[in-house]
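Shared between the two complexes below is subunit A, which has subunit B as its partner in the first and subunit C in the second.
This part shows the complex of A and B:
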């Protein structure tokens, strides 16, 4: 009994310690985009001390994830689930400078502590399988053919001591074909301290998130240390970013199919002359700010603030000019000095609603220009060969951009490195600074290519290379082979900013899958014909038609007689020899 | 104390063994498998998801449900209702909802993975959520749906599982003591042929249609654009929703099977009793909740004295302390070993890395050298031929 008591006292001591050192923050930032879109960025962040993580004292850090990280000796983890395409020309720079998004599908990279490469591979296998169970995604398909070890592109974002840093192995894997759906959001929400029941996470709903024009869910675990102290912490950051179409989100969930507006609800331009009353010039409302509210966009109002986010004063912020009218349900408003950002202090345990009425506004919150525009597509034709072209534009009129372009291609897309060409504004010039390459091995590993390029100000680089398509074995084709094979997006790293191109769909030569049966049937027929005719030639004796009549029982009798006499003669010879 | 427990154990075991065959299940599991890919097979995913919602409603937790979905219907670009799957044109219940855990999805749904799941022949890296962790006291509901034929069921339109494979998998499960009782349900064309080869005990099997009979879809939703549920599953669900409303329900398997109306289902559902102890009568009396719910009878052992649990707790505490000491000793030993080792390993710490490609700016120079070498060689050769002649 006394032991139990002492244990309890010890536990209580740890708990107070943990409470003093762990904290949790959450924030939602809304930003209207053109035309009629809304970017919603959810950010959830909590810290735990390294000591309490090692002792498995979990408070805000999810236990399920913590145990996986400890089991797989993972020191830093980055997991991404993304869908859709970011339209940089209209939407500007990416949220979080692109650091919290992945390529289409699932992307995972981690720093694993291990003595050797083989040990690192083993732990990576453990990690991907465990995460596949936790996040209901096929992460176990990240095998050796989809794993790369980038040299230039990824740098650890956390702090690692020199002794561990020498043992860290960076492993990176992508699944461009993976679907992202509600079963991935469910475990994502369960990792949050408020579990989607209160606070900004109560707005996260699969029905809206997976209807977005672009969305990205991210999970990062990084160790952070204050400089010059041993006081290290482990930080877990979960973000969700989505670009919602306001018109589309406002449709009722049970009747989402767009139907024509009834004539009495049409808004007509009354300044135009009308000949009859059943005609209507629709009023141009694109200049007007869209009308929306939180409950219309996300399906319901926000269920109070999360009580665990103690120090959080501003859980909801919106990036609009101060002139924009916003009505809220009793939240206190704080406007900042820049003129474009305001935040709301919520009353706890009360639902929060925010309504933006239609309004004519002359100014808009400025868009941040991206450092680089990137697009990538297939060139060439035919079933045997192809090419890839990446167009990279530096929009800045003054600054050059130094970046790393990384491709990880599947083994069946065989890259010819000698065809890699970079043209700048149409002329071939030396823009490639550095290049790292690891060729593919059939069925064992994919191609890895990293190119460091320097683009001068206001110019465009076109990077092209050719490849050959491999022919797969019959059993290597997926059930929907005719759909094509997804090629992972290229990752472009500019310092701490990253950009990902869209994924590509590669059509491979696919057989007609009933072909083996055709072949079996045809081969059997030919074999039967050949065997039949050869057998005929061997056992039948061919004679002319007029000879055929003589060919009767008498002939048979003669043959038998001849055979008997031959046998008798031989027998006689033998007996004479014996004598 | 410890010795005391050890002494009591055989007595308790002997008591258990001598009890009449009151062997009951102590856990419930469900394996729900859809085997069809592609959008036009929406109804097969809706079938399996409606069963998923039913067993979840009746109490089986997500950790004890293995759900296999070979394609993505909810977030499919063709779906006008994103994040949603409906099994009825009235669209009253969203089967995908806000809380769903899919264990095997997409290309993971294969015959191999299904048989590995049943027989638990998986790698050590396989997470627990993807394993069927049953024992000889587990009741399992196995529900399958897809496109099939005489003694086979297609997986993803690319491979098949035969009735023999399935029967052998169940036999292995029985040999490995991985189930107590199984209720096998299948909704596909010629479904009854799929269970005809079973030979392991304690299985009740039912299917939607006889040999040479098709199973049909029930109805289509015009806004979804495809059929949303199959007839056999529809009428099973209908019964489960109207008659089995809460986990305390006393409806039996007999009640469910009697509700099958061939005129409505448009095929002849079959039931196989002969593998079940007690035959048809024994099977008919089993509660539906033994398979669709998570209700177990509790056996209460009489409490001998009040201080016993405290003593047990103390013994447990001692055991934990002992184990902890041992673990610490092991760790210390490991540390001693590991301090000696790195000296040896330092030499072979070469990393797998991409090779740096040298970009050569001097190619013109090299070409000139090459040309000179070639010219020199040909000069030597010419000179030699001249001398010889």
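This part shows the complex of A and C:
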């Protein structure tokens, strides 16, 4: 495991530092996960010099994004689109140490240069609106109630000169309700120099990406400078990570309904006494490696390599033991000494296919253990109050973990800070080191809570707090109000590693939406009733019952009869005249 | 309330009598079984009157005004007549007085005066369009070259359209200088008009040359006026069909005027090569000087991009005329307009060896930009020259004449078109206000209208100069802003059924007793009057 970790660190180091001088780089790392899953991590990185960015001469850096950044005075930008849940117990640590991952839905944070907070808010608004148009996402709904200014959790990853750093404002916004889909992938691909026409980006396909068990798209723009020199560059990094179900991906697209395996293809345990042509006990095949190929998983083969990418890096790598058989279409294989990683050097202009046959293999590439397991859920009951419980487990038997837990809650979830309790292994102990709390203002801003916690080795901290549900105004409910309100994931930061919990769905008391008309009718009726009685009391005269004018039904009947007969007579006269 | 007592509306015994009158005879016995209530006292009748009238008074003097106040829509007063005057061209008569100065140092003063008079006469004879008027003047004699700088500054104040320099030469000929608004006229000494003659060949020659130089501008302005809603007697005689056609093309081609334009230069290639181009140097050498000369009219910002793997919207090596509009693959090529409000002009170099049917490798897309197809991007000079031409026509500059003259013409034509456009917008706003009585008109719209009118007036007074253009731009902007006011566009829609549904539950139960009370009182009053007359 240590080997793998060192390898990943080495790869990350290559990506961040060695590439700083070059222009464009792309790499796909494949990692089989248990059971029958495949993690595919795409990474695209390009640089532009600060001078040509200022002059708006764009080459690999996308023009549309560059103009937005300049217009909104944004110095560093991080945008995330995520879907699904990472199963840390089975899949191990997150790819890129969670740094290229966001909470469910859309997450955006940026360092905006501005003199005052108001100016920063204005530029943030410009930024969210422009990005909303660029990525076809509802980013323009990140208003002041969804924006926070984290204090402990986020640090700029790029280099900022001291003069700009003092004017930088960090703004963070989330849209947990946003459903990430193909319309977000298309603009994402358009930002790449090879545009999904060549290289590893040709494997990205909306049908497969959004069918994944977990997926995350990220876009980071950071300024990087060599220390001590004025030679600065702007780096754009785009990543896409997805966990694909191999069985599910292998289903043909025109016939995606899962069907039982035909009886002749069943692998039966013949040692069972009842085994016969119509009785089968399936063999345990979990020891066997799954059979798959690139074209089965992604729908088609890879269309050569992107000619802009440098030659010294290998575009496709796979994290499997060296003993695993892999057949490729004429690519040169480079195995590294750790024993679990090999990369392929492609011939440009030629389609690349990789086939992994079924194989019995005792050895598996080791999983990296996450630093922390985190889960969060609602507790409590009723329409008025509720509670949140976050269970944070440190699996390491030796090392304590110091981390920052950040919650940004909507204003209608009114947090009671005095109920915030942290229990360690069931005992109340003071594990909260530091806290930053910014209370909500109704309809203006949400609650921001950042807590620094130290978990000793091999312990579990349960963090709980209570809240009250606010009653919203009639127009503040979304169209499907009974679905509930999405609460943004909590962000856990451990140094440069970050973990996000899942988002929560908060049911709020919802009114009957035909209410306004009912209210009008009801109040009108009551007012009319009151008015009618008072008016009649004032205007009418009280007399004895036998003095009252009686409503005579017979008289009315006679009047009607008389009228009818008069009318009939006139009609008859007319007809006789005609005759 | 005890069961025996009952609310009764019958206050007066005479009501019953009347009822008996109408009812058939057999109904009488039922009514006659009734006991008469004691007659009412006059003060109780008076009290009832007072109660009823105070209810009505509250409704009329308090309820109705509150209802009116809370449901009425704010409509700021607009100067409708003035707006319509502008729209119909009654408020302003666009006149473009062009000052042309004659520098005739080689001539005697009286000779020069004479020449000026005859030339002006010849010009007036030739001109049939009163809005566009060339006026000649003698420039003060430049007796010292050191004075030249001073002279040029005073001349700039008066905004001379052209300076004519009379020079002695071997034969009569005109030479328009390329980079300054100066026309050199060479003449032979015997062509100087004598003081007695009313015409001379030199004067006619100058007049014809001037007319030729300003013919395109005149046609442009005439076309603009003829397409606007100006009164017919003001627009000039009909333009020749072919001229009108080319001018119609010119209007569809040119971009809307703006103080700033954004230029995007893009390199599109169908493969991965070439992935870079030497655009910075090319822009510096071939584009920047031109943009510099435009600085009085518009500013420009520039960005460039390289896009690989870009397939055009049409296939094939020979592009047909009808394919050209589909060549730009709008769905895939990232050519979104720049943010910041300024209109974007796109210039595209496409790497390929395609050709337009009938030869040619470049074309202009009206109000959008230009395309050049080039197989090799090592030399960008031809592409940049094509783009310069395309930029000139996209900005609406005339096609003939020297650069300074074209730019000056552009200023005048742009002011005229902005003036007409702003006036037209004012008219539309006025008509909209009349047509939709339920639309609200906020204060800002009225302010915008007044700003527009103020600046239109200034424009009208100073047409033809730089200030006129600036005023026209402000006027046009204010007019557009007023017309597209957000709160006006989203008009409140309250259908009548909706109002009835909301009001009826309240008005029904309250209105019925009130109205019935009045009717009853009126009836009672009538019968009382009748009985008092009878008695």
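Just so it is clear, the second predicted complex is superposed on the first by the 487 of 579 C-alpha atoms of A that agree within 3 Å, B and C clash if a C-alpha of one lies under 4 Å from a C-alpha of the other, contacts with A are read in each partner's own complex, and residues count from 1 in each chain.
Just so it is clear, a contact is a pair of C-beta atoms (placed from the backbone, for glycine too) under 8 Å apart; a residue touches a chain by one contact, two chains touch by 3 or more.
Small disclaimer: the values here were computed from a predicted structure and weren't measured.
Peer 1: Return first, second, both or neither, reflecting whether A:181 touches subunit B, subunit C, both chains, or no partner chain.
Peer 2: In the superposition, A:181 touches subunit B alone.
Peer 1: Pick one for A:520: touches subunit B only (first), subunit C only (second), both, or neither.
Peer 2: In the superposed model, A:520 contacts subunit C only, not subunit B.
Peer 1: When the two structures are overlaid on chain A, which partner does A:143 contact: first (subunit B), second (subunit C), both, or neither?
Peer 2: Touch status of A:143: no partner.
Peer 1: What is the contact status of A:350 with respect to subunit B (first) and subunit C (second): first, second, both, or neither?
Peer 2: neither
Peer 1: Does subunit B (first) or subunit C (second) touch A:478, or do both, or does neither?
Peer 2: Once the two structures are laid over each other on A, A:478 reaches subunit B alone.
Peer 1: A:130 contacts which: subunit B (first), subunit C (second), both, neither?
Peer 2: After superposing on A, A:130 lies in contact with both subunit B and subunit C.
Peer 1: Answer with first, second, both or neither: which of subunit B and subunit C does A:245 touch in the superposed model?
Peer 2: Neither subunit B nor subunit C is touched by A:245.
Peer 1: Which holds for A:151: it touches subunit B only (first), subunit C only (second), both, or neither?
Peer 2: After superposing on A, A:151 lies in contact with subunit B but is clear of subunit C.
Peer 1: Under the contact rule defined above, give the subunit A residues that sit at the interface with subunit B and also at the interface with subunit C.
Peer 2: 130, 134
Peer 1: For the complex, which residues does subunit A have touching subunit C?
Peer 2: Touch list, subunit A to subunit C: 55-60, 62-64, 66-68, 71, 130, 134, 190, 193-195, 197-198, 306-308, 517, 520-521, 524-525, 527-529, 531-532, 535-536, 538-550, 552, 554-555, 558-559, 562.
Peer 1: Where on subunit B is subunit A touching in the complex?
Peer 2: 37-38, 70, 72, 74-75, 80-84, 91, 96-103, 105-108, 123, 125-130, 156-158, 223, 310, 313-314, 317, 321, 342, 345, 348-349, 351-357, 359, 361
Peer 1: Quick check: in the complex, which residue numbers of subunit A touch subunit B?
Peer 2: That would be residues 1, 3-4, 83, 115-117, 125-126, 129-130, 132-134, 136-138, 140-141, 149-151, 169, 177-183, 186-187, 205-211, 253-254, 256-257, 417, 430, 432, 434-438, 448-450, 478-480, 513 of subunit A.
Peer 1: Which positions of subunit C touch subunit A when the two form their complex?
Peer 2: Per the touch definition, subunit C meets subunit A at residues 3-11, 15-16, 19, 22-24, 26-27, 30-31, 34-37, 40, 44, 48, 51-52, 55, 264, 272-273, 275-276, 279-280, 301-309, 332, 334, 336, 338-340, 501-502, 505-506, 508-510, 513-514, 517.
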